[in-house]
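Structure first, then comments.
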Amino acid sequence: MPSAVFSALSPLDHRYRMANPDLYAHLSRYLSEEAYVRYQLQVEAALVEAFAARGLCPPHVADQVKAAAAQVTAADVHRHEQITRHNIRALVNALSERVSPEARPFIHLTATSADVMDTARALQYRDAARHVVVPKLKEVLRAFIAIAQREAHTPQMGRTHGQHAVPITFGFAMAEDVSRLGGRIVAVEQAAQRLPGKMAGAVGAYNAARLLVPDPDVFEREVLGRLGLEPADHSTQVVEPEYGADFAHALVTAFGVLANAADDIRHLQRTEIGEVGEAFDAHQVGSSTMPHKRNPWNFEHVKSLWKAMLPRIMTVYMDQISEHQRDLTNSASGRFFPELMAGLVLAADRMARELARLGVDRERMARNMAGSLEMVVAEPLYVLLAAHGHPAAHEEVRRLTLEAERTGQPLRELAARSLSLAPYMAQWTPEQRRVIDEPAMYLGMAAEKALAVCRRWSAYLETGQAGPLTGAETV
Amino acid sequence: MPSAVFSALSPLDHRYRMANPDLYAHLSRYLSEEAYVRYQLQVEAALVEAFAARGLCPPHVADQVKAAAAQVTAADVHRHEQITRHNIRALVNALSERVSPEARPFIHLTATSADVMDTARALQYRDAARHVVVPKLKEVLRAFIAIAQREAHTPQMGRTHGQHAVPITFGFAMAEDVSRLGGRIVAVEQAAQRLPGKMAGAVGAYNAARLLVPDPDVFEREVLGRLGLEPADHSTQVVEPEYGADFAHALVTAFGVLANAADDIRHLQRTEIGEVGEAFDAHQVGSSTMPHKRNPWNFEHVKSLWKAMLPRIMTVYMDQISEHQRDLTNSASGRFFPELMAGLVLAADRMARELARLGVDRERMARNMAGSLEMVVAEPLYVLLAAHGHPAAHEEVRRLTLEAERTGQPLRELAARSLSLAPYMAQWTPEQRRVIDEPAMYLGMAAEKALAVCRRWSAYLETGQAGPLTGAETV
Amino acid sequence: MPSAVFSALSPLDHRYRMANPDLYAHLSRYLSEEAYVRYQLQVEAALVEAFAARGLCPPHVADQVKAAAAQVTAADVHRHEQITRHNIRALVNALSERVSPEARPFIHLTATSADVMDTARALQYRDAARHVVVPKLKEVLRAFIAIAQREAHTPQMGRTHGQHAVPITFGFAMAEDVSRLGGRIVAVEQAAQRLPGKMAGAVGAYNAARLLVPDPDVFEREVLGRLGLEPADHSTQVVEPEYGADFAHALVTAFGVLANAADDIRHLQRTEIGEVGEAFDAHQVGSSTMPHKRNPWNFEHVKSLWKAMLPRIMTVYMDQISEHQRDLTNSASGRFFPELMAGLVLAADRMARELARLGVDRERMARNMAGSLEMVVAEPLYVLLAAHGHPAAHEEVRRLTLEAERTGQPLRELAARSLSLAPYMAQWTPEQRRVIDEPAMYLGMAAEKALAVCRRWSAYLETGQAGPLTGAETV
Amino acid sequence: MPSAVFSALSPLDHRYRMANPDLYAHLSRYLSEEAYVRYQLQVEAALVEAFAARGLCPPHVADQVKAAAAQVTAADVHRHEQITRHNIRALVNALSERVSPEARPFIHLTATSADVMDTARALQYRDAARHVVVPKLKEVLRAFIAIAQREAHTPQMGRTHGQHAVPITFGFAMAEDVSRLGGRIVAVEQAAQRLPGKMAGAVGAYNAARLLVPDPDVFEREVLGRLGLEPADHSTQVVEPEYGADFAHALVTAFGVLANAADDIRHLQRTEIGEVGEAFDAHQVGSSTMPHKRNPWNFEHVKSLWKAMLPRIMTVYMDQISEHQRDLTNSASGRFFPELMAGLVLAADRMARELARLGVDRERMARNMAGSLEMVVAEPLYVLLAAHGHPAAHEEVRRLTLEAERTGQPLRELAARSLSLAPYMAQWTPEQRRVIDEPAMYLGMAAEKALAVCRRWSAYLETGQAGPLTGAETV
């Protein structure tokens, strides 16, 4: 570890860098200052290449600028910025000193700083989404699918309000995470794909560009096309902020899905529940003072990072406001945006790793369920009585459950002995009767639904397309 | 005004009701408790109708329930809830007492409360979006378009950092609002359209429904289809929360666009700028103590409501977390969601009205611009020098502007007298030279862009389709 | 229920009004529009009385204004506002029409609207804090104390990370809520007490008042003194916003304490834990479809309201910014502030009621603890070994716990059989040994601390003074 | 610049480090991971020293641990953490390997990790407040005072709603910032001072400590007393979170004051207003494309950083909830807390520097005011008419202002010619008349108030005590 790590201010740059240097390096490749400068240089190069394509400068000028753009580093730019106190002018100077005098005037020509910075941000965020965020979320999705498929038929007690409700399967429970995370990955991909660039000048009206070309909006499209971007429909000095807000929204809602899953898993690890368990290394210490503790700290970590990152979307929303053709109060605040991706990726990485080795205690699930099965009968009992015409089935069963509780007698037996219920029960089909006799079978479509959801999102992971859930209906 | 208004706790129910009773009534039609109960009744009716369609109950039973659903009021339900302490059981009881004993058992059969409530919310929000939110936002959009078209050629100084930058037209400035608001209306429409319902039972696994039908997910689609809704891909007791979060995001970002526009307009009303003016009624009092004041209070109001409503999206994001198959901690919080729509509509209504009568002082715009035109020359001067090969045009012009400032001599004259610049200036085309001579013409594509953006969104208002911006490029 | 209730937009004005009409009426007395107007009238009266005291107007003029102020209603003001479109000018007109022509000029003389509104808000919030918020929070505090004292000696398993850690008592767990809530009540009281008024005119510089008195800041103090308020140190058109922000902070952090307690209690109600239970009415329905369900919905409600209210403090923080001597963008947003108090009071009321009848299952607590006592031994074992000189006690015990887990043998027996530990164990005092033999006694100071905390805050409830925790140390 | 800077993820660790390496080093001394480890080591040392003082271990053991604590580095701890995967156990191991076997068992004895971490955080935050945050805020305060005193008598137009209202002095406007920031510095100091530590063990009940001492709460006070801290009134595994929330609130509200001041200053720099100006270096580039631009980017930066930091208090509020005796979901989130201080200090540093060289254009202030003086007369005219008995002065003057606007005649002349006003105007004192004749004198107490506020806070800067504002009243 370089000593700078320990003197860093942000936990992203000290603690979470130390915890996973490889992941940090991967994040840094897209989200650091260095990366941002690299993308800015690509934009400057694309502009001069577009000039050359229009014949506004010789081709070798574009070649020189492109070559220089490949050489300039963030450190070079920083050196120039010490003098100019302006980051993009520094970038231009760092490029200029590497090209011939002939080429210099074409660098940054007609562009305003925000043309370069906003376009670079779009490139950077899109690449970070493609190469880091989405792949990492897909790792988590794969891990969810693996559990949901493997445990599709594992009975588990369904819980609402923290209370036992009616049975599901553990795979069904995990299929919730599959479906929600799948939907969010698509949202992240789409929002990243839509991030636009701009080359519309100081106030968005192409004032400078029009001095040189008659159709600066077409020219803008040519410059951005070289980078694989579209222009925003309308720009001021900056692109419309809603594209970035949509992207931030996709990121934080994806994070919310992870946080919810983490919360569920850590509660399932409660001592009294114990249905799943986080894996522990041999040398790992769970508590500095309680040597017996095995804490769900990885899943706690995911939720904790979510709490750290979620509120930052407020900054993005506040940055929707920029006076007239732009004030600069979205500049420093915007620089923190990449941290949102870094935080999400760190959490997803932790989650994927822990899900892959999550222990599932099927026996404990069965044992936990067993204690409540007597009461579970209440719902199917009421539904079957009503379906066969009992006019006040819910109220009747509610009274029986109170009696069962008071007397300690099983609800089923009380129902079986009830003269008033007998005529309705006589009409039940054998299959309906069986659910009352074996309430553990009262699983609805849990398994089929789990598998259908997994099929859908497995197909997406393979093909990039998430088709309809038709599998579920036809099973 | 009924006296209950003055005793209300929420400004939505006192002050903003008093301010606009008609709009309040319109909002109340979709967003009140009464409205919510009405939508719940529609869901209960659809369920029994779907039973009848499957032959699980006689058709006249469905007819009875449908008729009862049209009669029950929120007050009826409230009366029952005093006893049951459970709102949906109260709803069921209020329906039951209006139908024959034969029909009673089929009401709410296999459904859980959240089936009814979540589905009713989807109906309610979709209708509110269609009939209140989107129409009101379109009113604002129309008002923006009207100004942007009318003022497409009105020169105005472009401002960045609150400083004069280079010229635009006032229509171009307003076209920003057209484009951004247009995009957000589409986002609100789409998010509202995607809101799903559910009829999947207590934990989402169709446990109860499967007692009666072999394909409860298909049955769910049948019930919801009667209401024009799709089911969520996967439900627990509740639908996946991301659909609602997407809708909330569309609402708050639409609000952000209004807030930004309001901010710009109130700044343009500053005494020293005075380019636009809010209309005043003859009897209206601007200040209780300064009888001469005319304050931009309507636009201040829009921004203020935005500040009141924006943070509430944090609640929506926190509600992404619900333990296991659901905890109830999203219940009370979810009840405040309609206020977000109400707040947005109130602000939009105010905005549409004030935009329609906004005074625009073209002469003041021209006067404000005149003071800075000398300096505006700097940008085209530098661009033209560079485009014709000057290797350090930006630095050279920067030095000349400092000299112009120091000496009080016009930048243009300093440039014209410069021997070193002469060879480059000699190459300029007459059109290029003209921009330097008449910097007020340095408008870029401002007018064309404004009109193209307006054409695009006018087409959307007429056809519901927002085509590409091709108009801009071909002008 | 008046029908206006069902058409209201805010759940505060429909659902939560219906749920508790008495509490609603009590809240409305301080937090409604009506109440706000009443406080504004008090401020107007105090101003004229201060004029009379200075001899600037005859005493009977002040008497007339005071009498009129006691008569004017919100409805009267509203009628006038229809014409003036200005709420405070309307208030002045409503007063004026009730006094003699001689008295009219003195009403509102030298005051700006914000003098009246900001001062009225301070009065209103202070009264609401004194008469509603603090008393209701004290009810909750009393309920916490009652449980903490009663259960001071009830052993319960301490839980960290949702895992059994080491034993405490249930009273100790509740004492956390006593201490934290106690601290927050003091914070609310102090912040409410510090809310200042102002009578400094349109821009805070006493411009108008100085026309009539040579010492307008002293005169401001006289006016406000009649209302029991201090002036802010410096005002613009409005008082310094930090006083209100401090008050909001006290409110939301008090709410956070309730939310944390609610969360703990609902988790203790989980089916698998079952240590406490929410009381249920005989006719109450727990679930519309699962007649057996008893959900912790009241505590869920508390957390849910917290999620609804917490983010609103962002509005308060954003309202710290007001341009120059004031922009009006804090006006509409500020009108929602009273809802924060209403939400907190609703949650506290629910909490107090439910705590008073919370079922505590001591036997279940004991049973839950019993399952983990073997492992609990790990901590005291390690501490006692270390205290008697074992150089690697933590690591040694960690290894033994792994062995205990693997072999199923009790940790104590493994320790007792260990030759390497024997020399250290031989030095233990009988009391130390006893903790290892009866780990249920490993309760630390739980009971004493619980009682000391309760003593401290009981004293506060009686005397208004929270002394030091000396009780704890001397027990 | 070390290359790690450019690869950092947080702008705090790249861009803002580059911008001011000295300030970064100063912040890092208190807020980095290294600093945090250093404070943890101090806590561990204090614990063993307290053991020695009680005779529970030999004095030389405490000496050894203290010496070791002075040597261990964050890098050492990191090395151990690679094995244990537990940061505090790693810290203990890093200490242990530097002391004799005799001393080892006493390190961390009876403590839980959170005892060390929470206590270290209190030390760290208190020191950061004392040595960085408060001194830097005081620099800003001094700069505000300097301007407010210097410009106490400089007339400036007061502005509400962005509209000219009535005159103040520029010093009075700045005195707002003096007063508000002064109040917040006191709030930061007090909240930092109250941050408590803990040494109460794994669940807060002193379970482990009580094995060794009969009065572990007194012992806790002894340990913490060595560090200058008090214990929290009640702890679970962690200290009551409200102390930290109070500190965060003080920080963000202090930041809000800076943001408001920055907003005001950048608006006063608007081209059309131009009353103040940010200083520019000779080589500085204002815009990459508009060489003439001088942007108020430093003040924009302050507001932008505020937008980045403010929402993070939501994390702190969410962290008020921790299940039972603690879940770990406040761990990662809590690690980002120091960034709040870093962000505030960066903004304050920028602000102090720019205020010190802020250009004030008194002539422009006078010119801006001149344009509105005719209208300013309206307020004193109405007040003086009313004070002398005119029964409808406000309405009468409002009508005259409309007439003045319509006819272009000065309001004063219209008033002078009015027969109905004459009887009231005849009663005016010469001083009253003078305000109408020279409305630029209509300054109220602006200057005296500005100076009184400055005196108060200057005294605070000298003595640490902010006395009452009595100066103002007696002038």
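Letters A, B, C and D name the chains as they come in the text, with residue numbers starting at 1 for each one.
Quick note on the criterion: a residue touches a chain if its C-beta (ideal position, glycine included) is under 8 Å from a C-beta of that chain, and two chains touch if they have at least 3 such contacts.
Treat the numbers as computed from the prediction; the structure is a model and nothing was measured.
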- Contacts common to chain C and chain D (chain labels): A, B
- Task: Return the chain pair with more inter-chain C-beta contacts, choosing between B-C and B-D.
- Result: B-C
- Approximate Å spacing (C-alpha centroids) for the pair chain A, chain B: 25
- Message: Averaging over Cα atoms per chain, report the distance between chain B and chain C in Å.
- Response: 34
- Separation of chain B from chain D, taking each centre as the mean of its C-alpha atoms, in whole Å: 34
- By the touch definition above, chain B meets two or more other chains at residues 89, 92, 110, 159-162, 165-166, 201-202, 208, 266-267, 285, 287-290, 295, 297, 300, 310-311, 313-314, 318, 327-328, 379, 383, 394
- Message: Looking at the complex, which residues from chain B come into contact with chain A?
- Response: 56, 89, 92, 101-102, 104-106, 109-110, 158-162, 165-169, 172-173, 175-176, 178-180, 183-184, 187, 201-212, 215-218, 221, 233-234, 236-237, 240-242, 245-246, 249, 252-253, 256-257, 259-260, 263-264, 267, 310-311, 313-314, 317-318, 320-328, 379-380, 383-394, 432, 435, 442-446, 449, 453, 456, 469, 472-473
- Contacts from chain C onto chain B in the complex sit at residues 1-15, 18, 24-25, 27-28, 31-34, 37, 73-75, 78, 81, 83-86, 88-89, 92, 108, 110-113, 116, 201-202, 208, 266, 281, 283-290, 295, 297, 300-301, 303-305, 307-308, 310-315, 318-319, 327-336, 338-339, 342
- Message: Give the list of chain D residues in touch with chain B in this complex.
- Response: 157, 159-166, 266-267, 269-273, 285, 287-297, 300, 314, 318, 368, 371-372, 375-376, 378-379, 382-383, 394, 397-398, 401, 411
